[in-house]
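Working notes for the structure below.
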Amino acid sequence: MDDKTIIARRVAREMKSGQLVNLGIGLPTTVARYLPTGIEVFFQSENGIIGMAPVPAEGLENDSLSDAGGSPIGAVAGAAAFDSCTSFGLIRGGHLDVTVLGGLQVDEQGRLANWMVPGRMVPGMGGAMDLVSGARRVIVAMTHTAKGEAKILPRCTLPLTSVRRVDLLVTELAVIEPTAQGLLLRETAPGVSVDQVLAATAARLIVPDQVGVMALAA
Amino acid sequence: MDDKTIIARRVAREMKSGQLVNLGIGLPTTVARYLPTGIEVFFQSENGIIGMAPVPAEGLENDSLSDAGGSPIGAVAGAAAFDSCTSFGLIRGGHLDVTVLGGLQVDEQGRLANWMVPGRMVPGMGGAMDLVSGARRVIVAMTHTAKGEAKILPRCTLPLTSVRRVDLLVTELAVIEPTAQGLLLRETAPGVSVDQVLAATAARLIVPDQVGVMALAA
Amino acid sequence: MNKAISAAAAAERIADGAVIMIGGFMGVGSPHRLIEELVRQKRAGLTIIANDSARPGVGIGKLIDARAVRRLIATHIGTNPETQRQMIAGELAVDLVPQGTLAERIRAAGHGLGGVLTPTGVGTIAAEGKQTLEVDGRAFLLEKPLAADVALIGCHRADYNGNLDYSLTARNFNPLMAMAAGLVIAEPDAVVPVGVIPPDAVVTPHVLVDLFVQGDHRHG
Amino acid sequence: MNKAISAAAAAERIADGAVIMIGGFMGVGSPHRLIEELVRQKRAGLTIIANDSARPGVGIGKLIDARAVRRLIATHIGTNPETQRQMIAGELAVDLVPQGTLAERIRAAGHGLGGVLTPTGVGTIAAEGKQTLEVDGRAFLLEKPLAADVALIGCHRADYNGNLDYSLTARNFNPLMAMAAGLVIAEPDAVVPVGVIPPDAVVTPHVLVDLFVQGDHRHG
C-alpha cells in the first residue's frame, strides 16, 4: 500500500454519518473512496454544492457541474447548489463538520502552511484559508516528509494558512493530535516504531505511555 | 381632490419607465394608482419581491404573498422573490431607483424624521432607515402641516430617519427640492400662492424667480 | 437520521428563557404551528428575534398575547398595539433595529463574520452605543452578529433530509435564520421525498436543519 | 427596453483598461462568448476580478493568453502556468484573495456595505495592509468592498426582461457580481419569455441586468 493510500484510509475512519465534509484537491479527494461501510457523509465542494458524487458513467458529465478543481462530478439525490457566498458562509459559519486538506508544513502549535512557497510556487490560497479558519474540525492529510526533509517543524518556515490550530494530522507514519500542550503522538502506522516517527519529525512530539497502531479503513 | 390625492398624483409624475420603485405603506402606496399612461415601473416590496401587483380579484389571494404591511398582493409575470438580505442589498446597494416615503418632519437640510414620536408613538423604523440611506432617489410624500403645526422646520424635533438629504418633498401645497443651499421651492399647487406656502412652512424656503405650478397625473 | 417530529415534541425542545429567531413578516412565512405549541405549552421568558410581532392573535402576536416574551428584537411593532402596551408598561423590553441591519446581523452570525459596516443609521438614534468607523472617507456603523439558541423556520417544502424551499414573500428572514441558531426547526407546508426539490431550488441545505415538523395527514 | 444584444456589440461597450468581474470557477459558469469577443476585439490593459484564471485556452485563461490583462484579482492561479509565468515576469499583477473573502467583498459592494469583518486570514500574509479589529474578544480583518466597471455573467436562462437563473455549480460568483458592477452583461445558455422562470427560481432580478447576449439560433 503506498503512502498516500495509507493516509487516505486512516483519514476515512475519522468520518461520522451525517457529517458535512469538504475534501481538498489531490490526496484528500481520495478519502471518499475509503469510507467505512455504513458511514454516509455529505460532501461539499466549495464552488457551490452539497451532495457531490462521482459521475456515474462516462458521457454523463454536465458542463455546469464540477468540483473545485474543475473536474466533472455527479450529484446525489437531495443535493443543493448555491453561490460562493453561501458556500463560504457554510464553511466560515461553523456548518462544515470536517475539512481534509493537504499540507506543506505543520508546526508545534499545530498551525498549517499549505498554500505557497515564496519565490517558487504561488498558486494562491483558494478556499484553504477559509476552510482552516472556519471548519469545525480540520484534518491535515500529508506525507510525513518531503524528499527526506521534515515537514513537521518547530515553526513553519512557509507562510501560514491560518493561525488556528488544526485538529488532527495524519501521515503515512503517524497520527498526531495538535493540543494546547503541543503535538501529541496518537498512533503509529503498522510496522512503524515511535523512534522512526521521532526521527522523521523536526518538531517536538509528546509521546504518551500508550501509542496506538493506526487502523486503516478497507 | 383631497390633499393626499394631490400629493399622490404629483409624485406619480416623478416615475420613469423601467425604474425600480419602493412605495411606503399608507399615502405612498396610492401613488401606484396614478402612474401616467405609458410609464411602466417595477414595484419592490421590501419583504422580498420585485413585481408586486394588486390581487386581480377577490379570492385569488395567496397566503405566501403580501406587501410589507401584510396585505395580500399579486405579482406580475417576471416577478422575482428573495430573502430579506437580498431585498435590502437591492435597497442599500443603490439598485433601487426611487423610494416614496411618508414623513413626520423635514428640516432645512432636507433631513427626514418619520419613524417615531418619543413617548407617544414608537412603531419602529422597519425598512425606512435603509430606504432613506440607500435609495438612489428619496421622495417624501406628506401633508404640509399637521393640525396646523408646521412639519417643515429649521431643524427636526423628532429623531431623524437618516442624515442623508432627501431628493424631493411633495405636499398638497408645494414641491420642494432640498439642495446643499437649502430648501428650494419648485412648484406650488394649483390655486396656492407662494405666500401661502411660506406661511405654512417654519423652515426657510429659497424662492426662485420662477415657481412652477404643480402638474398632476390623471 | 430521522428529522421528522411533531410540533408538540419540537416545542418541548425549547426551554423557558430561550433566545428564539422566528421567521416571517407580518405572519407571512411564520411557523404557525410551532408558535401555537409554545403558547399551549406555556413557555415563558423568551427572547424573540423577528421582523415584527404581527398583530394580536396572529403569528408572533400570539406569543405576545400569552406574555411568553420578555424581550423582543424587531424592526417594527407599529401593527401590534399589545406589543406597544407591554413595552410602555415595562413588561416587555423591545430593541428596535433597522430591517436591513437586522437581516445582515443575522446573516453575519450564520456566515461566521464578526460584523458588517452599514451606512444605515449613521448619525441617528440607531447609532447609539455602536462604533462608527470611517472607511475611505465614508461613515459606517459596525453592526455585530446576532445569533440565537433556536430558529423556527416557516417554509414551503422540506424533503426527508431537511432540504427546504420557500414560496414568494414567505421566504423573508427564514433562510437567514436557518444559518444562525444552534437548533433549527423547520415547519414546512409539505414534506416530500428526497430529490423532489431540485438542487437549484433548495434554498436551505439540509445540513442546516435539525428537525422538521411533520404534516397533518389528509390521505383517505 | 430591449436588453438583448450580440456578444460582439456587448463587448464593444467595454473599454481598454476597464475593471471587469467575470463569473465562473475553473471556466464552469463563465461567459465564454463574451470572453472570446474581448480577445477577438483585442481589448487590453484590463483588470479582471474572478475566482481563478482557469487553464490556458479555457475561459479567463484566453484573456491571459492574449495578454489582455494587466491586473488579476483572484483566489487561485495554480492551474494556469501562463498566469504564473506572466506574474513572475512582471507582466501581470496578481492580487491573491481568500475565496470566501473575495465573495464577501464583492457582495459588500453590491449590497452597499462598507465592509465585513472576517476571521479568515488573521495573522497571515492575507492580513498585510489591512485593519485588524477586535470584536467581543475575537480578532477579525476588515475587508473592504470590491466593485467593478463591468460584470460579465454566465447563467442558465435569461427571460426577456433580464431575470436570470443558474445551473448547479455554474452559479458560483455570478449572482454576487451581478450586483457589484456599473454595467452588467449576462450570457445565458437560453433566452426565454417573461414568466418562464418562476419568481422563486429567479436568482438575479432583471433590474440588475443591463444587457444579455442573444442566443445562436438553431430553428429550422
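As written, the chains take the letters A, B, C and D, and residue 1 is the first residue of each chain.
We adopt the following convention: contacts are C-beta pairs under 8 Å (C-beta built on N, C-alpha and C of every residue); 3 or more make two chains touch, one makes a residue touch a chain.
Only a predicted model underlies this, so the values are computations on that prediction, with no experimental measurement involved.
Visitor: Fewest touch steps from subunit C to subunit D?
Guide: The distance in steps between these two chains is 1.
Visitor: Which is the least count of steps on a path of touching chains running from subunit A to subunit B?
Guide: 2
Visitor: I'd like to verify one number: the distance from the centre of subunit B to the centre of subunit C, where each centre is the average of its C-alpha atoms, in whole angstrom.
Guide: 29
Visitor: Between subunit B and subunit D, what distance separates the C-alpha centroids? Give it in angstrom.
Guide: One centre to the other, that is 35 Å.
Visitor: When you check subunit A against every other chain, which residues touch at least two of them?
Guide: Residue numbers touching two or more other chains: 49, 75, 81-82, 85, 88-89, 91-92, 134.
Visitor: Among the residues of subunit D, which ones contact at least 2 other chains?
Guide: In subunit D, residues 104, 107, 111-113, 118-119, 166-168, 171, 199-200 touch at least two other chains, as defined above.
Visitor: Could you please write down every pair of chains that are in touch?
Guide: Touching chain pairs, listed by label, are A-C, A-D, B-C, B-D, C-D.
Visitor: So in the complex, the part of subunit D that touches subunit A is made up of which residues?
Guide: Those in contact with subunit A are residues 25-29, 51-52, 54-55, 74-79, 84, 87, 94, 96, 98-104, 107, 118-126, 156, 166-176, 203.
Visitor: Please output the residues of subunit B touching subunit D within their complex, sorted ascending.
Guide: 17-18, 20, 42, 49-51, 75, 77-82, 85, 88-95, 134
Visitor: So in the complex, which bits of subunit B are touching subunit C?
Guide: Subunit B reaches subunit C through residues 45-49, 62-66, 68-70, 75, 81-85, 87-89, 91-92, 121-130, 133-134, 159-163.
Visitor: Can you name the residues of subunit D that touch subunit C in the complex?
Guide: Spelled out, the residues of subunit D in touch with subunit C are 104, 108, 111-119, 133, 135-136, 138, 140, 142, 144, 165-168, 171, 199-201.
Visitor: So in the complex, the part of subunit D that touches subunit B is made up of which residues?
Guide: Going by the criterion above, the answer is residues 1, 107, 109-113, 159-161, 163, 179, 194-195, 197, 199-200, 202, 205-208.
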